[in-house]
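Worksheet: one structure, shown below.
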Amino acid sequence: MKTYLENSLFPSETGTSTILERGLSYIILLSVFALVLETEPTLSQPFQGYFDQAETIFLTIFSCEYIARLVLAGVRPEYQGLKGRLKYMVSPFALVDLIAILPGLVAGLLPDLMLIRLVRLIRMMRIAKLIKSNRALMAFFIACRASGSQLAASLIATLLMLFVGAVLLYVAESEAQPEMFGSIPRAMWWSMATLTTVGYGDTYPITVLGKLLASMVAILGISVVALPAGIIAANFSKKLEELKSDDR
Amino acid sequence: MKTYLENSLFPSETGTSTILERGLSYIILLSVFALVLETEPTLSQPFQGYFDQAETIFLTIFSCEYIARLVLAGVRPEYQGLKGRLKYMVSPFALVDLIAILPGLVAGLLPDLMLIRLVRLIRMMRIAKLIKSNRALMAFFIACRASGSQLAASLIATLLMLFVGAVLLYVAESEAQPEMFGSIPRAMWWSMATLTTVGYGDTYPITVLGKLLASMVAILGISVVALPAGIIAANFSKKLEELKSDDR
Amino acid sequence: MKTYLENSLFPSETGTSTILERGLSYIILLSVFALVLETEPTLSQPFQGYFDQAETIFLTIFSCEYIARLVLAGVRPEYQGLKGRLKYMVSPFALVDLIAILPGLVAGLLPDLMLIRLVRLIRMMRIAKLIKSNRALMAFFIACRASGSQLAASLIATLLMLFVGAVLLYVAESEAQPEMFGSIPRAMWWSMATLTTVGYGDTYPITVLGKLLASMVAILGISVVALPAGIIAANFSKKLEELKSDDR
Amino acid sequence: MKTYLENSLFPSETGTSTILERGLSYIILLSVFALVLETEPTLSQPFQGYFDQAETIFLTIFSCEYIARLVLAGVRPEYQGLKGRLKYMVSPFALVDLIAILPGLVAGLLPDLMLIRLVRLIRMMRIAKLIKSNRALMAFFIACRASGSQLAASLIATLLMLFVGAVLLYVAESEAQPEMFGSIPRAMWWSMATLTTVGYGDTYPITVLGKLLASMVAILGISVVALPAGIIAANFSKKLEELKSDDR
């Protein structure tokens, strides 16, 4: 029993996942799904009782899990003894586990409704509990970190492009559309919507000069803003390949 | 005659396609095209008679094809005998063939108009008959399956990104635009439209905080959502190359 | 003089371009630019006289060029003699040259204004004269042809995806928005705007089911529609590399 | 002290950046950030005094920096002596430094408000001072230059595609929407918004022919317009890799 719990809560890199481990993943997903649905007034108002009951159950499960983890942490050499347990408690994964239950425990004590609402949202951090057990997501984060310098470089180029686009359109359109292009920060919103090619259509140039500059910025700029995608894709593919071959 | 039919309906991988085989492909396309046009009221109302006649012809052809396939299935060792025929009938390709004719045969028996309409749409599954004979589409599906684990990983990352974007914008905009950002499921629609860079323009942030968060989500997130495209493209190209070299 | 003209009008692959050859390129660009500006009523009405004069000059130059080409075609062995000239006249490049001047010569004879307008537009085919002398564009077309089977495959996948998207949204939204989703051809316009991620915003789902299906179609489908871009890019880069190394 | 200043203002490629060098980078960012915020009327009106004070401080710093650079330029062999200093003054980096301070010095002398506003914007060129010290941005510009011929080729293909799209939609939609598609230059705005997939939604075809042509143009054209992104991405990644390995 204890060994099974240990294997489930502190899985070794090479072992297969136990039913308990997978079950906990599904419970996390289910609890976040419930929290998401609860924000929708047309659902939460008629079924508030069910949402509250579900949350109580989830809270109990995650609290038990947290205590079990704390008790069993000694299975790892670095977390043995009381000092080891304290060290475990401040490790990133344990903190995420704590954040996943804490808001549910303290929410009742808060006086302000708005604050309660925000604290309740923090419970959604539970989703972060899944990342550590999901190989693909791990590969994704490793890929992002591995291509860090390239990503930073392309993000700087992106920001520069956004800035240049905003300045040009501010010069061209600020008189014609003071509401949308009346300052560089305002033009930045256009710049973002255009260079990411989202193009909501809430703001676009109407003067001939503005359209000319916007066309130039768009044709040259979308290449720059698309850079991170290409870089992450290349590294992600490589890392996942490596993770796969590590298994063999 | 029988050999020609056998070669046409059960083509070997290496043989060239016969005229009958290609003819059937065009008839499938034509029948689906007719079904598509029939949904347009401005066309179906004045020409309903022609559409009905065309469908009767298509139904006859596909019924004959289905019976011929059933009779000739014995050409393949695994489908010989009565038991073999039953085994053939439940194979995916034979089921698609059945689905392509069944709605036309049973539609008249249904009492409800809405049900008839839906059943009629099922006939469009005929297009699936084409996939098995189209090398390029096969390469595409093989590519998707081959990159399965990568695709699954990037889909999970995409869903996580959509979720994070929706939560952030829900926090920032739910007060200002309760109709569009009043709950996380609602904010999800914005999240989807933005991260795929579709940007319909039916929903976008209007507060300063919302615009700031939206910009961050968009710039960082579109890279994640663009991952599957890059992965499929890389694998598709590879698979098509392999299929080509297999021919030689 | 004759040799210079021959080198300019029938440049060998290896030779450098003469001033006359480059000059003609600029005149082509200028003439198309004039034709483009002439379509703008706010420009063509006050300056119609200038546009007509410019067009007369361009027409004279291109007519002279055409005659000179015809006379000098004999410099190429395959176009020698009267029979060779006829063979030259029906070669694609010579036909483009003819199309570039013919509308200007016959436009005056046409009775109908709309017809004149369309015929005048044909003169824009002059831009095609540039392609044969532009190495980069040639590389682009060669790249498209080289990746023909891959492009065809991805175009078929794209069309299939557009079709599937249109059928799904037609089922979900035809009742709520008959104007935009009332038939599959109508839903196709939404499908195109969404899967290319253009997202004009003139048509988008409003029902919950429609939004769910649209999200699925968008997230899975944009990968498919983005395939041709990736394929052309890969081949274009390769071909341009080859063309460059051919020069050395 | 002098050596420290020299190392900071004229850093060698291999040395590590000094605190002064980094400090100047942050001051540049800060000054541009202040200039950006100053354009926003809701901020500049109540806090004009603070903005003016900040600008005076920034101007003093950059003036000192400019003079220090001029004095210390002799540390580089090519800028020694009076003639060397003049040579330094007309070098691109020194000119950018001058442009960064000049508008602040002369703005007070200008009679016209609009002119003052434009001149003030020139101060934002200060951001260009950062490029030379940012390795990633340098890699980006080197990548763009290295892929010059490919980029030029794909830009020509892009312009051709924009032109073809505009002509086709002009023919199809000029009667139905003279305001938006009444001339080729006007249709060009649609063409740009569609082929970059921005899709503002201010202009889209409404006729059946227009929608058909627009779909064709979009599906085939976005591949062409997406080419530069792919080319820059490939070269950027390569150059950054090279720059990194140069360091070792």
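Order of writing sets the labels: A, B, C and D. Residues in every chain begin at 1.
Basically, a residue touches a chain if its C-beta (ideal position, glycine included) is under 8 Å from a C-beta of that chain, and two chains touch if they have at least 3 such contacts.
Remember, it's a predicted structure, so these values are computed and weren't measured experimentally.
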Inter-copy rotation, subunit B to subunit C, in degrees (Cα atoms; steps of 5): 90
Interface residue overlap between copies subunit C and subunit D, same or different (over half shared): different
Selected pair, out of B-C, B-D or A-C, that shares over half of its residue contact pairs with A-B: B-C
Of B-D and A-D, pair with higher C-beta contact tally: A-D
Between subunit A and subunit D, centroid-to-centroid distance (C-alpha), Å: 31
Centroid distance [mean C-alpha coordinates] between subunit D and subunit B, Å: 44
Sites on subunit D at which at least two other chains make contact: 193, 197-201, 226, 230-231, 234
Residues on subunit C engaged by subunit D in the complex (per definition of touch): 32, 36-37, 39-41, 118, 121, 124, 127, 134-137, 139-140, 155, 158, 188-189, 192-193, 196-202, 225-226, 228-234, 236-237, 240, 244
Interfacial residue positions of subunit C with respect to subunit B in the complex: 149-150, 152-154, 156-157, 160, 163, 167, 170-171, 182-186, 193-194, 197-201, 204, 211, 214-215, 218-220, 222-224, 226-227, 230-231, 234
Touch list for subunit C against partner subunit A, complex: 197-201
